[in-house]
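Letters are used for the chains, namely A, B, C and D, taken in the order the chains are written, and counting of residues starts over at 1 for each.
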Amino acid sequence: MDNLKFNHITPIQLRFNDFDALGHVNNSVYFSFYDLGKTAYFNQVMPDVSVSKEVGVVIGHIEVSFLLSVYPGENVAVETAVVEIGNKSFKLLQHLIDLDTKQVKCICQTVMVCFDAITKTTRPISEAWRKAMADFEQNPELLKVHTNH
Amino acid sequence: MDNLKFNHITPIQLRFNDFDALGHVNNSVYFSFYDLGKTAYFNQVMPDVSVSKEVGVVIGHIEVSFLLSVYPGENVAVETAVVEIGNKSFKLLQHLIDLDTKQVKCICQTVMVCFDAITKTTRPISEAWRKAMADFEQNPELLKVHTNH
Amino acid sequence: MDNLKFNHITPIQLRFNDFDALGHVNNSVYFSFYDLGKTAYFNQVMPDVSVSKEVGVVIGHIEVSFLLSVYPGENVAVETAVVEIGNKSFKLLQHLIDLDTKQVKCICQTVMVCFDAITKTTRPISEAWRKAMADFEQNPELLKVHTNH
Amino acid sequence: MDNLKFNHITPIQLRFNDFDALGHVNNSVYFSFYDLGKTAYFNQVMPDVSVSKEVGVVIGHIEVSFLLSVYPGENVAVETAVVEIGNKSFKLLQHLIDLDTKQVKCICQTVMVCFDAITKTTRPISEAWRKAMADFEQNPELLKVHTNH
């Protein structure tokens, strides 16, 4: 995954109260940034995720490595890619980067689980979503069901 | 209002990310504290506000005076009182206080508007709510309709 | 003030967790938006506010009228203007607007107090700041000391 | 770790704006809860972490499993334990639990890295901290350096 090319990027507007008493962006705020990236990705690639009242995705698992702090005045953005698709879940890789220095500040891997809002149970990922993600990522490997999920 | 006796108090659990880069509680966070006070007040005095899907209250106007900063380790609480009741709205007075020093750190006045969630319009305050607030505040003046609202 | 022309505007990037259980932007989040507007204004008009360790401005008083809710997908921005300058404080007027409909969603008036970070006391507004604000607003009235502050 | 006994618990005061448009606590807010647990743990077990300007701990890595949503009115708390101590870092295990049902809502594992604020570099964990954590956890295994860190 190290030489992955991201096809999706969301610039982040930093807010004054993103910064904590240590003068850098508070750890808990990063998740709002990754949310912004995810939402923009879904809006672009599978726009029915956001509007559907019946089928949704929920976060199952998050893993975050904090590499470098974010300071006031820095220009940061979230890069988002789908890197694995299983039967009922898929994995997002996101990098929080400094747009000026190109440094990766923070890495996030998220397992999103496909969810039926009516029956309140998990459900298989539709072929339409699988194809939309594989096409967007230009990665035909994603069309196969990844067995870890 | 200066010698008002508050009958309702909500201690606040401060969070690390309530504090901004200046080392004190960020101005925008105070409104979460006043929300905690309001919610606890309504739960106690008019519990049907919180559960009703049909009738609610929305914030129309807020006025806040910041007197003293809040620093880590301080024990703060929100005192809440209803001080005026009009036809369709009522006014809350809230003090953010230091429980140890008794200092008033911040004063908030909020006009809450009674709202019909189905018709999406304002509506008169019910006599039951008016009586509940007047009783709780031990203030029979509140039973009269205050004409500014 | 009703026909004031704003010379400063800051588009707001809405975040998923700006929206509360009622489906609209939570009241407490508006203050983060006004902060974004203020910070951008100061960075442009009086850039030494942000960098100076010695002289700062703190919020003394806020007054907010909530007119219309903000919903997901709306394009909102904060317009900011200085409308009064006193001896030690000045008043900001800010409108949260919908960029598509031009509706004013929320109005905020903030009294900012000039502050000496070393002596921890209020201090007069410098002539340089007064001139910078009056020039930016193209409002020579601001050069006179407003006696309410 | 499944039958770990926690010796530290922090009840959480939920705020209205912790809940997002889906009606449950927003994923990004959980990290504020875990922060509350961590801060209380350090204040009790190694109080010099919080006050020291010279030696601190920073978050290196977080891994979170979201099992059950948190809804309004629920009584939740964060349980915190140190489960591994390496040379320059240690691992916290935290459970967000429902105090009424005893259900585990969310599990968080955090690697905290010991940091010298003056040289801006990582540094070994002091013997005093290692002993304080091992004593508090009543776990003599923690006195040995865990080689994964």
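Everything below uses one rule, namely that a contact is a pair of C-beta atoms (placed from the backbone, for glycine too) under 8 Å apart; a residue touches a chain by one contact, two chains touch by 3 or more.
The structure presented is a predicted model; accordingly, all values stated were derived computationally and were not measured.
Put simply, the chain farthest from subunit B by mean CA position is A.
Between A-D and A-C, more contacting C-beta pairs join the chains of A-D. If you average the CA atoms of subunit A and of subunit C, the two centres end up 33 Å from each other. If each chain is reduced to the centroid of its CA atoms, subunit A and subunit D end up 24 Å from each other.
Listed for subunit C are residues 16-17, 28-29, 32, 35, each touching two or more other chains.
By the touch rule above, subunit C contacts subunit A in their complex via residues 12-13, 15-17, 32, 35-36, 39. By the touch rule above, subunit A contacts subunit B in their complex via residues 16-17, 19-21, 23, 26, 28-29, 72. Residues 27-29, 31-32, 35, 58-66 of subunit B are the ones that touch subunit C when the two sit in their complex.
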